[in-house]
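Per-chain numbering from 1; labels A, B and C assigned in written order.
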Amino acid sequence: MNRQKKKSTNGFRWERKHLLGIAELSTEELALLLDQAENFREVMDRPIPKVPALRGKTIVNLFCEPSTRTRTSFELAAKRLSADTLSIATSSSSFIKGESLKDTARNIEAMQIDMLIIRHSTPGAPKFLSECIKASVVNAGDGSHEHPTQALLDVFTIRRKLKKIVGLNVSIVGDIAHSRVAKSNIFALKKLGAEVTVCGPKTMMPSGIESLGVKVTYDLKEALKGADAVNVLRIQAERQNQTFFPGIREYARMFGITKEKLNKYAKKEILLLHPGPINRGVELSQDAADGEFSVILDQVTNGVAVRMAVLFLLSGIK
Amino acid sequence: MNRQKKKSTNGFRWERKHLLGIAELSTEELALLLDQAENFREVMDRPIPKVPALRGKTIVNLFCEPSTRTRTSFELAAKRLSADTLSIATSSSSFIKGESLKDTARNIEAMQIDMLIIRHSTPGAPKFLSECIKASVVNAGDGSHEHPTQALLDVFTIRRKLKKIVGLNVSIVGDIAHSRVAKSNIFALKKLGAEVTVCGPKTMMPSGIESLGVKVTYDLKEALKGADAVNVLRIQAERQNQTFFPGIREYARMFGITKEKLNKYAKKEILLLHPGPINRGVELSQDAADGEFSVILDQVTNGVAVRMAVLFLLSGIK
Amino acid sequence: MNRQKKKSTNGFRWERKHLLGIAELSTEELALLLDQAENFREVMDRPIPKVPALRGKTIVNLFCEPSTRTRTSFELAAKRLSADTLSIATSSSSFIKGESLKDTARNIEAMQIDMLIIRHSTPGAPKFLSECIKASVVNAGDGSHEHPTQALLDVFTIRRKLKKIVGLNVSIVGDIAHSRVAKSNIFALKKLGAEVTVCGPKTMMPSGIESLGVKVTYDLKEALKGADAVNVLRIQAERQNQTFFPGIREYARMFGITKEKLNKYAKKEILLLHPGPINRGVELSQDAADGEFSVILDQVTNGVAVRMAVLFLLSGIK
């Protein structure tokens, strides 16, 4: 798995140093990322699912918001590339105390680390860091801005199941306005040639979203009809204030996806995606989450392969 | 250290995939585990105490109760087998938030991990997980149910010192009713042919315990007399409610083990075990804990070897 | 990088097992440490900045005070020597609960670890541990006593920039009375032949400090004049009680170092050091911290090399 592999079959070569969002990626970059992820997905099925590609490299997870799922996935990806990993969580971090994010990052980098994976509540924090440090920066979720590796693993999962993205109808259901997952998915799917429909309550739909080239509907039936895949967003129930709480049941009734609704309105072979963790009984019923349509656990598996591809491609780019 | 080693000298071959408790182990399995642990105990004395047996395997520590001691021991065991390790503590875990234990485990497993070591306050949690995921599950303590690796290291320590278990008299002193350590020890010792006496206040003695084939006494003198080894349980002083607190001194007076009592009532070459951490001055006096009879630090050392044996034997079993 | 390298060019051989403070080191030991650190500093610039020197050794970070910066630096150093590392933070540690520091350390050691790096609020805690366990003990900061690796990286950074220590004028500015960094630096610099001036408010100056062979001044101008390097201590603003708070601005005005003051009073090629994290605008202005004189990020980089040298030299000493 050497540097030469960092180009696609048609000769396109990876040159990007940071992964900050899907918005700035070209279609060629997306395709190369997905192809590279496919290679690593095969590595993961080997008896020893490990390659020496990043031996001696140091990758730091700087998580300024709690996230075991994404952090664990990145850590595993790094280990399977034989990199050394360090995790820094804000809560236990004196780096942060009295120190700006920039100082923190520059100090971490001064230890001669190679990559910094950052999750932060402020949109743009990864981009800001990429401008003040020399290490590669990977955005693991920055506020409501982007969550590029989540979108990559979502499209990778769809492509792996349906063998293509071009021409597919993909619906995204939930709080579109506040979701970095929705945003990154829209960018990725549109660049790869899918038709995207977004669906959710009006209060969760950003105005002007149509300008991204998506169809908008407030009716779940519409979103399910003809969809090849539906990506169901997590309702951040714990973030809602109390006055919203009566709304959870109402949300489940109108936008919650159940096996019954899938059988009634959706194509037979629809794929059901969810970034996790699931609020069972809210945005997704038990029988839908664990049913035949669900590729939710595939997403988790593929997430490691996709993150291996990201770390591998970014490494060594000056 | 290859797969062939996974059978005993008399040809018995390890087939078990999960370690959930001592209760379900056969005598042959126990013996093979202890023999394998002996091999690894010798590895630990080498200049480089490491074998490549589990290279490329991923072992996850999922600790839903705090335990640095056991977690560290498992982590070290995994590292000395060259496995990759990931630790997930509940407190920092968004896996858990709004997600069932089953979802959590299935998500972790979907990252294609090989083993899940779990500590959980609910008895049966490891068994439940073993039924819904494909990875091997190791019980690192589940409520008041079992703590199998603790019992294994206890009997291993006794066997290493006294060269046998069959026919030995072993007493267990403390809160028998609420102790998973007591339970797992009783199972292991009885299966291996020891005579077991349990001793503690009546309020800490479960009714019907005799059905496990143990002798019961409420008199420490009785428990010490003729014992080859005494396993002293930790009094969970911090779990007692305030009305119990005057009882701590009384407990120490009646059941606390001191050098004086050992000299007075016990055999000369008695072994003193404790699972740690010790409440010095409560269940064990300073001079007893650090005295000539104590094998408490041997237990800690042996714990790593025993856990290496467990991880090694379970790995690769379908 | 074998054992033979553990002596200096003039044949002096490293024999010390623990690093507890700078006070007890000989000049030869200091010189060998710095030379060894220079070797590892060069390793850090290699494409794969890793040596197999401590393969199979287990190094435990036991941090009983929060410190991501120092812990991360030690962890990286250990990983670049190919050692296995374990981190134990007090907050999450049941080792500590109801257990003395001695019990904790002896239990960790019983797992057959090779080195224990400890940060503790009690002066002398590392020395105490070194007397009750067999593993090597490294002091990563013990209350107001010493912080030897910080001083080593400080003098290493100065030596690397100015090619010598002998005869240099080095000033230390800040809360001299409560600073382990100041103390360790004074010891290291004096042993290596520098002239040391300490500077700070009278309330932060310990009486009798002159007996260590340092000059004392309460005037920053004096401390800057003729200094080849100035080591600026962090003001522990968060530790001050409220009645002191009006004093922060006053402190900044009188002892805070700005580019303007450096231009006005200091030599042109003065080095500016700070152990981090910086209170920008208090002990150091923005333009000074990021200015041409600052070697603060070099300190962070060099810290890893210095800690690699410490771990390497101590390892294997009986």
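Assume a residue touches a chain if its C-beta (ideal position, glycine included) is under 8 Å from a C-beta of that chain, and two chains touch if they have at least 3 such contacts.
Computed from a predicted structure; not experimentally measured.
Asks: Select the category (line, ring, star, complete, other) that matches the graph of chains linked by touching.
Replies: Complete.
Asks: Nearest 5 degrees, what's the C-alpha rotation angle taking subunit A to subunit B?
Replies: 120
Asks: When the C-alpha atoms of subunit A and subunit C are each averaged to a single point, how far apart are the two points in Å?
Replies: Those two chain centres are 41 Å apart.
Asks: Would you please write down the residue numbers of subunit C that are in contact with two or more other chains?
Replies: None at all.
Asks: Would you mind writing out the residues of subunit B in touch with subunit A in their complex?
Replies: So the residues of subunit B in touch with subunit A come to 55-58, 84, 86, 88, 92-95, 97-100, 103, 106-108, 110-113.
Asks: Hey, which residues of subunit A end up touching subunit B in the complex?
Replies: Residue positions touching the partner: 44, 47-50, 66-69, 72-73, 75-76, 79-80, 89, 91, 237-238, 276-280, 297-298, 300-301, 303-304.
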